[in-house]
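What follows is a pair of complexes built around chain A, which joins chain B in one and chain C in the other.
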Partner chain A sequence: MKTDFLKSLLSSSGLSGFEIPVAELIKEKWASLTDELDQSALGSLHGLKRGSGKGHSVMIATHMDAIGLIVSKVSGEFLHVANLGGIDIRVLPGQAVIVHSERGDLSGIIAQPPAHLLPEGEAKGAVALKHLLIDVGLSARQVARKIKIGDTVSFATEPTEMSGGLLAGHSLDNRASVAALTLCLEELQSRDHIWDVWAAATVQEEIGHMGASTSAFQIRPDIAIAVNVTFAKGPGATNWETFELGSGPTIGLGAVNHPFLHQQFKELAEKLEIPFGIEILPGRSGTDGDDLQISVEGIPTIVISIPIRYMHTPVEVVATKDIQRTARLLTEFVAMLDADFLEKIVWDD
Partner chain B sequence: MLKIRKPQLNLLEKLTNATAVSGDEGAIRKIVRVEVENIADEIKTDAMGNLLVTKRGKGRNRLKIMLAAHMDEIGFMLVNKESDGFFQFAPLGGMDPRQLAGKPVWVGREKVPGVIGAAPIHLVSPGQYNSTIPIASLRIDVGLGKPNVKVGDRATFATKFLRMGDSIRAKALDDRLGVAILIELLKNAPANIDLLAAFTVQEELGLRGAKVAAHALDPDLALAIDSTPALDFPVHDGSENIRYNTKLGAGPAIYTVDGRTLSDPRIIRWLSETGDAKKIPYQYRQPGSGGTDAGSIHISRAGIPTGSVSVPGRYAHSAMGLCRIKDWENTLNLLHAALSDLSPDILKEAR
Partner chain C sequence: MKPLIKKLTETFSPSGYENAIREVITDEIKDFADEIRVDALGNLIARKGSGGKKIMIAAHMDEIGLIVNHVDEKGFARFSPLGTFLPHTLVGARVRFLNGAYGVVGAEYLKKETQTKLAPLDKMFIDTGATSPKDSPVKIGDVAALERPFHDLGKRLIAKSMDNRVSVAVLIETMRKLKTTAHEVYFVFTTQEEVQVRGAITSAFGIAPEIGIAIDICPVGDTPDSAKKEVSLGKGVSIKIKDPLMIADPRIVTWMIKAAEKANIPYQREVSTLGSTDARAIQVAGAGAMVGGISIPCRYVHSPSEMVDYDDVQNTVKLLITLLEKKIEL
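== the complex of A and B ==
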């Protein structure tokens, strides 16, 4: 798989609520792949790829925002930060970061002060976020001039290819899915499809799916697919919620996932001989799907996920073939949507 | 005064991007050899892998001065491959386990990319959110397929040199700063001394290379050139930080007492007086634990008058350190000026 676009997404900032840089990249890419491209009031991108039929539409939502940090206080040479999204404080000390200031991007390091400068009780175990500092290597005067409260701080690990067709980097959650959706749009260029496809790059998923709920309201699709990442097996991650890396996309099963859509995706994957896993999501899925489903009068929804290792760390790892498989599954699903599909979505009582 | 300019920055970039975990210092040895072979009077690699370079002066009564900078850096060794393909690893050198999770690494001499991951926070029980992930639970992941990696390979943090304004961010500034300074001193060697440069191995495992280097070189006086932590952070309660070890931007750190060595008082005086006379800023490293190659050198043979000078650096022994270019330059100049003024009389002074 060509990874240039995905790598550019990973190297771009775009934390929850501050998605402009990554949105610009996606906009540029989707401009030629969609018939209409618009941005919602909250900043989500809506790309319409028209089908040959009339009226029916499927929305495929991939959130483009990433977790990170935000400057909460400037203190001499150092910055204090708060979290944007579900940050694991145990992976923060010694990380390379980029501070996004109005005066340009500044490289920095997350500093863990030595135990004797911390309150008793912080000496052991993970140091609380409020005691960690960002060091940008500048004098207090320069820091005061360049950085202010509210500037965002992204991880800075470079996207790196690893053995076996893997890619490591931060923000694969959920830019891997954005890449899959983009690949799907590319494949649809040479495919006939009856239904309209709304490709959505949503905002603010990591702080509560605000983009998905508002985008679904605006688009009012007949069915919705949330594409996200799920847990690949790895050290400390071996339970039933985890999947082998490179074992294909997962198809959600549980309250958020309409049973008919689940069945359709499963049969389609089997027919296409695309390997897949069943992701058991008993209640809420923790994805855009939760809010797509309860938008407007309710939307039949399914969650499709790509397994990644070390989710929410700066070294997430994905198998690129899983991105390709996810794209193919989405493309084939869109292509099989016929004029009567909606009528088939019934409750099996 | 000597300057840190583009060539010096480029050399430090090359030195810090190279990997040389204790016991496998060949990559640095090679870079140093290329830099100094045309100017050295003698150059040899000893039984342990120390690179010993002699640059003789001119005239009579020249002191034999040993300058030591260690080539090795902290890192890891892959110790076991598990059935699922992940590698267990052991740290080489002192490390805070809290600095490991979520970092990219380079494995082996070919720098095969890998990562030290962490279980997703979503799958961690709330009771563990604030606890250290022990090294025993961490693994090095080098991906699928058949990467060129095996048990016994060493690994380092995958950190690339970066200039940040007046600062530098890189791995292994401890002690590539010392190596860079020692190369520069060889290139600008004062004629009044015989300069015995020891690019040492296995410092991070207990000052092991310096022990045999000092024995072989048998110097009249010795200095270790290293990088020492700057712990000049704010204190959580806003009180004055009185245990900062050294401060960034305050110049070279002259050692008085560390965990391994009481520096020779004559050397402390000599370096301080040079700084005062030449108006080169310097600071005293706060007495405390830790040690440099001086710890081995000063008790070698029948005893060798020894001291240490370090470039202050933040975040040593983690994925990336930070130093000020000006501190590096001032350290180079303090040493160069002090050596240029050195007279054999120093050894006749009262301790």
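== the complex of A and C ==
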């Protein structure tokens, strides 16, 4: 798989609520792959790839925002930060970061105070975010001039290609899915499809799926697919909620996932001999799917996920072939949608 | 504006029981709106102006309160909270029921060895002076609010329900002073904010604004050993960038900051790790809106005595007028 586009997504900022840098990249890529492209009030990208039929549409949503930090207080030459999304604080000390200020990007590192300077009992285990500081190497005066409360802070780690077709980097959650959806749009250029496809790169998923609910309300698709990442097996992660890296996408099963769509995806993957896992999601899925399903008057929804290791750390790992398989599964599903598909979605049997 | 703040903070109207405060506000604004309506959840919606951008300015009018869940055999009224209370500020507080009865909050476990521990709310009770359910002036379902008079300390003001009646006062004053606007502005006094932001959900869906602004109070970081937060009392209007449940639209933040700087209105940048506002509901109503928040810094939030700085209050009015008067370019 060509990873240039994915790597450019991973190297770009675009934290929850501040998605402009990554949105610009995707906009540029999707411009030639879609018939219409616009943005919602919240900044989600909506790309329409028209089908040959009339009226029916499927929305494929991949959130483009990433977790990170935001400056909450400036103390002399150091910065205090709050989290944007559910960041894994255990891995923060020692990380290289970029502080995005109005005066340009500044390189920094996350420092933790020595144990004897922390309040009693706080030095055991992971040090709470409120005690961590960011050092950008500037004097207090320079910091006061250049950095403001509300400046975002993203990981500086560049994506790394590893052996065995693996790629490591921050923000694979969920830029891996954006890459899969983009690949799907590319494949659809030479495929016939009846249904309209709304490709959506949603905002603010990591802080409560604000983009998904508003985009679905605006687009009003007949069915919706949320593509996200799930937990791959790894050190200490071996239970039923985890999937082998490189074993294909997972197809969601449970409340948020419409049983008919689940069945259709499963049969399609079997027919195409695409390996897949079944992800049991008994309650909320923790993805855009939760909000897509209950938008407007309700939308039959399914969650398709790509397994990654070390979620919400700067070194998330994905098998690139899983991204390709996800793209292919999405393409074939879109191509399969016929004029009568909607009538087949019934609750009787 | 001080007499208005006094009148609003001395009105008793907890979440879900906003009739009294709605009446007071309606009386204050009726001559300054082009159109007034009340929606299904009791939100008071007043429109002013037309054309330009469709803007919703929300200030919740409810306050935190207590609701009786049973009266025990000795006549003590046990209660559930309407909204979030800090247990350590509640013991000893006086409450007034909507039916006019008064009471004082007491707690179990006030023995010597446990005195230093905080009692949880379910170990507290309201003593209304009753000795049995029979002679109790209150019964299951009766609602009370904190009872504390307004005090003017000069530059600083204290009262119960400064959260969010001080913002209600700001909205009323803005409506009075705003001679003309180039926009279709909806001033919305929302209900049930303290019980998970409910009134704003429906009023925003009904209005479908392009821009939403919530006016609320925000906790500060300027008291001894307080949270690591930059916002202080008296240092200006707080322009919200983020709270735990909402990230303000960067375009709105820039618009507000530029307007404040141009008009020489002191402001503070706010990244909050506690609480949220109506803005989070307006943001995701329908197809969504660009939202932001303007906060009035406030000490001792959700206690019976909340403190604000009068300069901050007046500056909030100034900023709102500056924002609404002119054409908006985002």
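Heads up, the rule we're going with is that the second predicted complex is superposed on the first by the 347 of 349 C-alpha atoms of A that agree within 3 Å, B and C clash if a C-alpha of one lies under 4 Å from a C-alpha of the other, contacts with A are read in each partner's own complex, and residues count from 1 in each chain.
Operating definition for what follows: a contact is a pair of C-beta atoms (placed from the backbone, for glycine too) under 8 Å apart; a residue touches a chain by one contact, two chains touch by 3 or more.
No experiment lies behind these values; they were computed from the predicted model shown.
For the composite obtained by superposing both complexes on chain A, the positions of chain B and chain C are free of clash and fit together.
In the superposition on chain A, contact is made by A:125 with chain B only, not with chain C. Seen from the CA centre of chain A, the centres of chain B and chain C span an angle of about 100°, rounded to a multiple of 10.
Shared-chain residue A:164: touches chain B; no touch with chain C. For chain A, the partner with contacts to more residues, out of chain B and chain C, is B. In the superposition on chain A, contact of A:111 is made with chain B only, not with chain C. Contacts of A:218 after superposition on the shared chain: chain C is touched, whereas chain B is not. Once the two complexes are laid over each other on the shared chain, residue contacts for A:39 go to neither chain B nor chain C.
Within the superposed three-chain model, A:319 lies in touch with chain B and out of touch with chain C [touch as defined at top]. By the document's definition of touching, of the two partners only chain C reaches A:149; chain B does not. Look at A:247: by the touch rule set out above, it reaches neither chain B nor chain C.
Put simply, the nearest alpha carbons of chain B and chain C end up 8 Å apart when the two models share chain A. Residue overlap on chain A between its contacts with chain B in one complex and with chain C in the other: absent. Chain contact summary for the complex, chain A toward chain C: residues 16-18, 20, 40-43, 70-74, 80, 82, 84, 130, 148-150, 204, 207-208, 210, 213-215, 217-218.
The touching residues of chain C, counted against chain A in their complex, run 210, 221, 228-230, 241-242, 245, 247-250, 253, 269-271, 273, 283-284, 286-290. Those residues of chain A lying in contact with chain B across their complex are 75-76, 78, 86-96, 106-109, 111-114, 116-119, 122, 124-128, 131, 133, 135-139, 142, 157-158, 160-166, 168, 231, 233-237, 239, 241-242, 245-246, 286, 309-315, 317, 319. Contact residues on chain B toward chain A in their complex (touch as defined above): 84, 86, 96, 98-99, 101-104, 112-124, 129-133, 137-139, 141-147, 158-159, 162, 164-169, 231, 233-237, 241, 243, 249, 314-315, 318-320, 322.
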